[in-house]
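Read through the structure below, which is laid out as structure tokens, and then see the notes.
The letters A, B, C and D name the chains in turn, as written, and every chain counts its residues from 1.
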């Protein structure tokens, strides 16, 4: 495994205009890597993520995003993502193009992407207004039963960024606890950057563990507490207080800018 | 979890004429359960399995099967399955209908079945003679790219039978090592019977572990060495010698019958 | 103890859950109701969260759908694609819980925008798991505060369409779908009048011939619900 | 040490494997060749077995595709659907290894039946992983014993169609696909004549203008191969 720092990894793997998927379903959100993207002033990114969460609220507010592909944009258990809303409702800091799906649709788009298929089939969206506003939702007919089902276009981001608990010295990566779509997004993407809490000699077995072999990953970077204020199961808990505080910080454009200057740089 | 014996579980869950999938990819083959099916003289079964292996050679030779759905019918590393060949080549003990796929096709048929979808999409079969002889292979066109892909009909067996290492007292089941399509076949089937090496208070974490929650399973039965001559990772090794011996036993109809009488009953 | 209107709504939702069912839970009020049910009359209820935890048995209410507490207490942890494909879409889920910003008389839900989609007055979080919960759960329980902004004649956007039978628990009463799928008022909470509910509904609400009055939350239901919330606040 | 024809074939197959490639391995001779390569000139080769083991590093040859040894030494263990969908179908596999009962001049393979499908003279095992390995691996290495029963003008059944470049290692020589996809004899093993190879081929075999002679197995290659086999026999 190649030794590399976070700044170097982001500089090398993420280019202006790329489609970038930072995933982690509540758990293991790669916040430190997102902050590095802000610091490097990446622009015109297509940000992809099921649950934009605080991490995309920050990237959108900082002006990194041209487009957002997502399925649920809220502050879980708290309320709105104000930078996300300000971008969509008021075009601030600039207009944000959106492409929205359901969770099942996004998950299956990653699965299709990881599988080298052009599309995925699911029972979903039927009767809703989503297909009318989202061109990556169509229908397909079962060649055996004639049933009409939803079809969604595969997702193959330029770069996947995820956070994991452990990597071994050869670059194999291990996640446990809630593993979300981590495996799928890494395998669906052209390049993958993984930040980890710890580099170990031997990966420990855990319930529900997912191991990604080294060859699926382009860079592994050790970043302790790299998911904060999200959490890393077995390492630190979710900073629920910060999620609540974010509501007030992000509600105000200036307060947001000041917070970002002070805490991200 | 309900206490139940293997004879009772098979009597209750497997009926003449059912489609039955005994899975386990080399590892964890539910051989003891198969022998119980033979002892109970179940008839007219549609046997489903990626790799028929010795276990279906025995069921076919014993006259339990009307039809076989499979993707690779050999004695791994040794040669032919002679009872399988005798049924297809000579109609002995009676004619055997077959429906054959590739491994990728069978795996995806289980995935579609487990997902409640009528079919699965894959890149496969193109240019081969398989679609001409197997009506459960068709094509589907991607509604986004126009590309033509293979489509396979979902599999939803009446009964899944698998072997696992551990169950806890509430009936949650754990597999580790090579887990094949165990999870998919159980979730794709209407009913599921699981034999296990051991019933424990707490399932131990292992690399690559799959846990099936109790509600996915209809009966859990403790059967030590229930996979022999296949193996149970962490419990006993594969009896490679027996796989070699099987070649001579199964080659001859009378020798086979005598072996079954003596060892299965 | 005196129950708040939110508590009455949560307790009413909890009571809808029969013991032993497999329940797909969203965060917030649905999670509170499902966990209250599990802690009282429905101990064998199995909770699935869309984050991939099956059979979670949290002792405090999770703040988010992916809390560590859910993973620690689950029978099995699976990926998000598996939860949606192998569990929800496969039709294993008996009951889905949903909230929404807007609902119409057929129980269709909007969680996407208020106003025009391209130039929304309010941008809401979006679909999340709702469209597929609505389509695949055998039965759907919805929980919303009752007012004419939420209970509307026409949705700004149709995010989710419930297929099976549906019940809506509000802070005023209980609505159930009839054979045509239309929601009918079947119960009012204590001290609420039918007229109040009709006034809080943006369409001409049909009322059952036998409107009952909700049993108020018991002492035990309230105590358990508050303890679950306390745990969450302490965390 | 004198090499058997099977050993010459296996060594020739092993040499086709460049270091660092991701190789999808079937059981038997392909597995022997891949492990020989890993133990000699290609230590960074990553082996995938269709049973779901990624990066297995067996010290003895597995008898079956799902041996415990493979699971014990793998970097990651995944399900069979994942191996086929996320790894093979996604185009991550550089080299696929295949055997067959019959091959035609385009390297199409038959592992299904000899004779008529409905009334076969010989029922072979069937497709297994081969059709998708053939279609999705960037490059395919085939290993077959060379005779007119195997190298036929017309297959009884087309089980697998190789898409990318292909090479066939036999006990007589080496065949590679040209731009049209047709197999051309490019090398003969020591003490084998071009005429012998043509006689063992059921179609009019094209022969390269520069047929070379295979380097015989080195002492080290043979020693390693035999040690790998010994381990397997002892198990």
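Just so it is clear, contacts are C-beta pairs under 8 Å (C-beta built on N, C-alpha and C of every residue); 3 or more make two chains touch, one makes a residue touch a chain.
Per UniProt, the chains are A, B = CoA transferase subunit A; C, D = CoA-transferase subunit beta.
What you see is a predicted model, and the numbers here were worked out from it, not measured in a lab.
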Chains in simultaneous contact with chain B (CoA transferase subunit A) and chain C (CoA-transferase subunit beta): A
Centroid distance [mean C-alpha coordinates] between chain B (CoA transferase subunit A) and chain A (CoA transferase subunit A), Å: 38
Separation of mean Cα positions, chain D (CoA-transferase subunit beta) and chain B (CoA transferase subunit A) [Å, integer]: 27
Distance from the mean Cα position of chain D (CoA-transferase subunit beta) to that of chain C (CoA-transferase subunit beta), given in whole angstrom: 57
Contacts with two or more other chains, residues of chain A (CoA transferase subunit A) listed in rising order: 116-117, 122-123, 183-184, 207-208, 211
Chain C (CoA-transferase subunit beta): positions in contact with at least two other chains: 76-77, 85, 89, 136
Chain-chain contacts as defined at top: A-B, A-C, A-D, B-C, B-D
Residues of chain B (CoA transferase subunit A) touching chain D (CoA-transferase subunit beta) in the complex: 25-27, 50-51, 70-74, 76-77, 80-81, 84-85, 88-89, 100-105, 107-108, 110-111, 122-130, 133, 176-181, 183-184, 207-208, 210, 231, 233, 237-238, 240, 243
Chain A (CoA transferase subunit A)-touching residues of chain B (CoA transferase subunit A), taken from the complex the two chains share: 116-123, 136, 138-140, 142-145, 147, 149, 151, 153, 203, 205-209, 211
Chain A (CoA transferase subunit A) residues touching chain D (CoA-transferase subunit beta) - in the complex, by the definition given at the top: 114-117, 170, 172, 183-184, 187, 211-215
Residues of chain C (CoA-transferase subunit beta) touching chain B (CoA transferase subunit A) in the complex: 22, 46, 54-55, 75-77, 85-86, 89-92, 136
Chain B (CoA transferase subunit A) contact footprint on chain D (CoA-transferase subunit beta) (complex, rising order): 27-28, 50-53, 63-68, 70-71, 76-81, 84-85, 88-89, 108, 112, 117, 120-123, 125-132, 135-136, 157-161, 235
